Every structure is written in C-alpha cells, then in structure tokens.
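Going in written order, the chains are labelled A, B, C and D, and every chain counts its residues from 1.
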Amino acid sequence: MAAKPIKVLLTGFEPFEQETLNPSWDAVRELDGWKVGRATVHARLVPCVFGDAIDALMRAMDELQPQLVLCIGQAGGRAEFTPERIAINIDDARTADNKGREPIDVPVVPGAPAAYFSTLPIKAMVRELRAAGIPASVSNSAGTFVCNHIFYGLMHRIATHPVPGLRGGFIHIPYLPQQAARFPGAPSMSLETLVKALRVAVTTALAVEHDIAETGGRLH
Amino acid sequence: MAAKPIKVLLTGFEPFEQETLNPSWDAVRELDGWKVGRATVHARLVPCVFGDAIDALMRAMDELQPQLVLCIGQAGGRAEFTPERIAINIDDARTADNKGREPIDVPVVPGAPAAYFSTLPIKAMVRELRAAGIPASVSNSAGTFVCNHIFYGLMHRIATHPVPGLRGGFIHIPYLPQQAARFPGAPSMSLETLVKALRVAVTTALAVEHDIAETGGRLH
Amino acid sequence: MAAKPIKVLLTGFEPFEQETLNPSWDAVRELDGWKVGRATVHARLVPCVFGDAIDALMRAMDELQPQLVLCIGQAGGRAEFTPERIAINIDDARTADNKGREPIDVPVVPGAPAAYFSTLPIKAMVRELRAAGIPASVSNSAGTFVCNHIFYGLMHRIATHPVPGLRGGFIHIPYLPQQAARFPGAPSMSLETLVKALRVAVTTALAVEHDIAETGGRLH
Amino acid sequence: MAAKPIKVLLTGFEPFEQETLNPSWDAVRELDGWKVGRATVHARLVPCVFGDAIDALMRAMDELQPQLVLCIGQAGGRAEFTPERIAINIDDARTADNKGREPIDVPVVPGAPAAYFSTLPIKAMVRELRAAGIPASVSNSAGTFVCNHIFYGLMHRIATHPVPGLRGGFIHIPYLPQQAARFPGAPSMSLETLVKALRVAVTTALAVEHDIAETGGRLH
C-alpha cells in the first residue's frame, strides 16, 4: 500500500513599502508544485498586513491540510538564510504595514501564551544549509512586525488545533541583489541560492523529526 | 502614617571568560544603598553559571523581599543600554559558562511557558534614557546564555509566586571602554554613563506602572 | 581598416589563509577569452604574496601589453562589489601572506608617491552596476595587505611607464556563499552575480574614458 | 638655558548638519591652555566648510607657529578614537557642508600629490591609548568630506612650507552619548574619555618622534 502523500505549504509575502518585489515570494513560487519524495510543495502569497496575513494563512491551511508549513519573509539587512527559533505574542510596528496598520505593543492573540517555539528542526536545517554551501544561522528574534505576526499565528494554530504530525516555523531571508543595489552597504542573496536553500530547508524538515543538539545560541 | 519602604534589587554578574571585570557588577555596586524616594537599592553579585545564577537570585529575593528587581548583564558588541522585552525558556550556550557548563537546547525550567515578557516599563525607560542623553533601545532578544537564563528564572518566579506589586526585568549593557580597548572595533559605554543610566532606569521603573505605547519594535 | 584589437588583463588571487578557493580567481577565470567589441579578456592568476604578486602582474603586462588592467581581490566581510578609489604606498600586514611575509609599515615602492588614484571610471562603474541590479559602492580604502600592494604596483607602473590609453585599477569583491557558510554572519555574492558584475565593470571601463561626476564619497 | 617652549595646535569643528554640538570641539576646547612638559595646547574652532576650514587652519598656524598640529573631527558611527593614516587629494561630498558646498571629485589642491601620510606616531598613539583603557584603532581612510579636506590641507602645508620639527595629523572621534541617543544603534564615547584620549594622543605625539612598528593594518 502506498504511503500517504504529504502536502508542504510555503508562504511568501507580497512586496512591502516601496519595494516592487519580495524575495520571499519570488523564491517560494519557484517551488510551487515541487515534488520531493512523497511530498508536494504548495506555494501561497500572503499580504503584508497585520491580521490579513494570518487570515490568508488560515485559509490556505484549511484548504490544503498540510503536514508541514514554512512561512518565509524578507529581513533586509541580514546576510544569511535564518530559521527563526521563537514567535512572540506581540505586534509592535516600526512603520505602517501595506494597509496603514501600525499596532504598538498589542498581542497577536489576546490571552494566548507569550511565545511559541518553532517545531522545525532549525539546528539540523542550519547544519545542512551550511554543508550545502549556503550561509545560514539560527535567529533568536523574528522581530515584532508582520513576519513575527504570521509566525505566531501559525504556531498558535498548530498548538490549539493539533493535527498529528503537523509542524511549522518561519525563515527570514536576505534581500535579492537587485534590491540591495538600492541600499548601499546592504548584503543580499541571489534567487538561485535562495531557491536552493529552500529546497534544503524543506528536505531537512521532512527528514528530521527530532532536531539535533548543536549550538546555535547567542550570548545576547 | 509613613508610606512603606520599597526595596529594589539590582543584580550584576561576576566577570566572564577572560575578563577581569564585568560592567554589570561594576555599575550595579555603585548604586548599592542608593535611596530614591522611599526606595532603597540593594546590589547583589551573581555567578555567571547556569543554575547557580538563578539560585543566587532566589536567595536574594527570599532575603530582601524586593518590590522591584532589575538583573543587569554585559552584552559585548552592543552600543546601547538595552532593556530586554522577553525571556525565553531555553538554554543554548555558545561557549562554556564559568563552571564549564554548556547546555544546548534544554529548557531553563522544564514544562514551564515558552517565554515571559518583562514587567518593567521598557518603552518609558528607553524614552527617559534618551531624554537624559543616554543611547538606549528596546531589545527583542536576550540571547540564550546565562543572561537570558537568569531573566527567565526571575520572570518565572514572579509568575509562579506572585507578590502584589512585584515587577522585574533584565537590561543588557555595553562593554566598559577598558574592555573594548582589547577588542578593536567594539563599542563601549563609560562607567559614569552606565551608572547614570541605571539611575534613570530605576527611577522610571518606580514611577511608571503602566508602560507607554511608543514603538520600540523591529521589522526582524 | 579594422580598429586595433584591445587586450584587457584581469587578475585574480590564489586562495589565502585556510581558504581552498579565492572568489577573485573563480570569477576572473570565467571571463578568460571573453570578447566584448574589439576587446579580449585575458585572465591571470597571481600569488597572494607581497612582492611576488607585483612580479606576476609585471610579467603579464610585459607579455600582453594590455590597454586595460583590472586587478580583483577578495574582501571578506564586504557585501558589495567595490571599485577602489586609491592605492597607498604602504604594506602593513595584519597576518602573514602565503609565504609567511608580514611587512609592517614599509613602502610598496621606496621613494615613490604616497598614493595613486585609480584611472578606472569608478563612479560610472558603480552607476552601471547598480542599474544592472548588482550591489556596488566606491571604496576609499583597499586596506594595507596584498590587495593594496598589487594595486599600488599596477598604478606605479602605469605612472612611471606610461603607455598611451593604458588605464587600470582594483576591485574588491565579497566572499562566495560557500565561503560565508563557514563564517556566521558574513555577507556573500554568488559566482553568477560576480561574473555578471565583472562584465559590467569591463564594459563600462572600455566605454567610459572620463568618469562621471556622481557622489561616491564618504563622510569618514 | 631653558628649553624652548612648544606650541601644540588642536582644532575642532563647529556643529555639522542638524547637530547642536560637535564632539571634536567640545573635547578640544577642554584642553585649551593645558601645559604638558614644556608644551602648551592652543585650541581653535574651525568651520565645517570646504575651503574655509583650511583657511582657518592656515591662519591659526600663521599666528601660533606650532610644532605639533592635531586636527580632530567627528566620525558618527565609529566606536573608537581613530588616528588617521593618510590624507587624500580629493573632495567628494555626500551631502552639503555648512555653506551648502558640495564638491564632487575635485582635488583639495589642484596639481598637488595624490596623498600625504600623517606624520604623527599613529601606531604608538594607538598602543598608548589602549594601554590607558581607551578603545582606539588606526584608520586607513578619513573619508572624502571636510575632515579629509582639512587633513590634506594641513599635510600639504607641512610638506610645502617645511618647518624643522613640525608634525601633524588628524584624528576621528565617535559621537558623544547625547548625540548617539538620537541615532538608535550608534556607538558613542563620553566627553571624559575623549578628553583623556586627547591627552594621551598629545603626550605620545610629543614623546615619540619615530613611530613604532606594530601592525595596525587592514586586509581591505
């Protein structure tokens, strides 16, 4: 009897602020339909808007019933592919989102826990990414904007509507070179490298159920 | 009838690694015995050791029964005085502590919540610090070493052994100039500025019960 | 009558320190034989050794009699493709070169001028690179190691053995991703982007005789 | 017979852009009249204006006939006290100076050498500064704005109007804390530390005629 097929949901954001593209969506959509073992990747675009981003994610999860969810977002200024360790229950915008919403110090979900840890094998992912020649590190803060927001929304759903085997998390990625070309000094990562990194991340997440113990910590 | 006296507990760490001093203790001990309004500051030294740091904090809290607790720690490489927003339930050492302990991805307190938010008015503190001419910012990650460890231990005690009016949190501070002199490129803050900053932090924490809504967030 | 063919000399360095590759040579050799208009690119490998690097460059210039010379070197830690503005007459090694030489504060060429400006159109190059979507900036210091050394050697020869139309300069480039994967936090640039950037740099240097006036300066 | 008295000229800049102070002048004026051995310090304020800055320096040198000249300027974003190695013959403004002048790629002195090295013992100064507990490093680029401009003007005068024993150079210094408080993330140095650093710099420059050989170089 054939093993049950697995659905992998990857989300990317629409462009933010003055940008005309978002590397998270440019990279994610390249993997739409990609089959790896008995898993198939489904790519979905989500709005860069507090509230709406989680709504779009919830609809995609309802529709697809995935076993693995990776939300991807842009971290302009970072040089590496960075799986996030923890989502925190706070919205604290430094600037308006794409609908002009600018929440300050309000919870993502009132009354819910202060934080959730990613259930992706983030250490194993970083090890495999580096072994594949891709700059990567664990990040201990996803910030307090829409990226952390959707990450928290994802982990809260997984925690409160448990589905056997369902795991999820968030990965921040650098600017594309063509974006960084407008911000002197900013690091970047090419689309080819980003797509390759996503393949390694998905493959590792599917293969590794229990994360390895390998330091990815920071002193502060 | 006179208002009840208030005890403020400030902790600083012993030197870490090859250092012969720790700016957190050098600054904190300057305030030992300082009276501000009806409050008096009590300074305590804590070891830079997983487990032992929390034990020392617990003993000091048992002894003093403070209404306000600020744990202070060194963040070599940071340029500012940074109140931390959140303590997370993970120990992930990048290097050994002062007893050679090097935990990787184990909880600070097994079975306890993933995180606790600081109950200090961190936004008000940053506003007052800047107004006083001191570089300061909210930090969204206290790392995963002994600093986050004691911060989590503090907030877990406050949450699980509630005392009316008791609040607490953690502040990371830069190197002293004499430390940075051995790490080319590293930023620093003078002891005078650090002590002044601690006075502003304590005064603001005592005066402001409910934090202000002012952005201190980060995109990522 | 056909226009005279033009020879373009590109040099890249051998690997340095523990590295097994040097992005400067990996990128430069991809362009060996490339024809653009009536120009042909000749790629040459040079040793990462004080003295020997200039000797190798002199031999290649004697042999090829190029009209355009671009020396390329790795700048680990930089995020951008950075044409250098000026070569200075000093060797001040922070570490040993590949033959263990470690000169401190000695001139590249005793008695020669303190510095030479690049004769490449560095501002036009940066403008064209950015327009092509490649992160680029003018750099005002090539350091004091073998990169600045060969750059100074090149400019000194051009100044002291003038050849009509001969121009030259130096460009620093970031790590490749597979290098940065071993230095957490370090920015990188893919080989494809580096090769594309070199094509833009060569094409611009051939097309633009007098540089444009566009700020590329720094406050400090 | 008593040894001849020595005059030391220190210059600091007026505030630049939106600033209401300039740490270079705040620190320099503290040393006005300071006697060290048979030397006396004379502090002079110079305008942050291309051309005018050099004019003011020339007038002060004509008036005082100093044996030692240290020009000091602000380098917002730097964390250390940084003696500059070399002045380059270019003005390339990224922004307008205090009179709205914004030269791009024009020489400081037409027809003059591409660069001059500082004649201060910059390596000895950095060693003594660090020994005194002050973060310090040699800098290989003073930028291309008014700081490099006055530095070049100074060294050009020393080279073209030689006075036996006359030496000079430039030092960049960080923001004061009260400035950095308005630029989140920016490093700073207290006025006390800056003044102490200036004393060490002047004392070392007076005591050390020939610089020590100690690496202060950079790879790039």
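We adopt the following convention: a residue touches a chain if its C-beta (ideal position, glycine included) is under 8 Å from a C-beta of that chain, and two chains touch if they have at least 3 such contacts.
The shown structure was predicted, so the numbers you read here are calculated from the model rather than taken from an experiment.
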Per Cα centroids, the chain farthest from subunit D: A
Subunit B-subunit C separation of Cα centroids, rounded to whole Å: 48
Chain centre separation (subunit B, subunit D; CA means) in Å: 38
Mean-CA-position distance for subunit D and subunit C (Å): 31
Subunit D residues counted as touching two or more neighbouring chains: none
Chains that touch, pairwise: A-B, A-C, B-D, C-D
Complex interface listing, subunit A residues touching subunit B: 73-78, 85-86, 88, 90-95, 102, 104-105, 113-117, 123, 139-145, 147-148, 172, 211, 213-220
Residues of subunit A defined as touching subunit C within the complex: 79-80, 129-130, 132-137, 177-178, 180-182, 184-190, 192-193
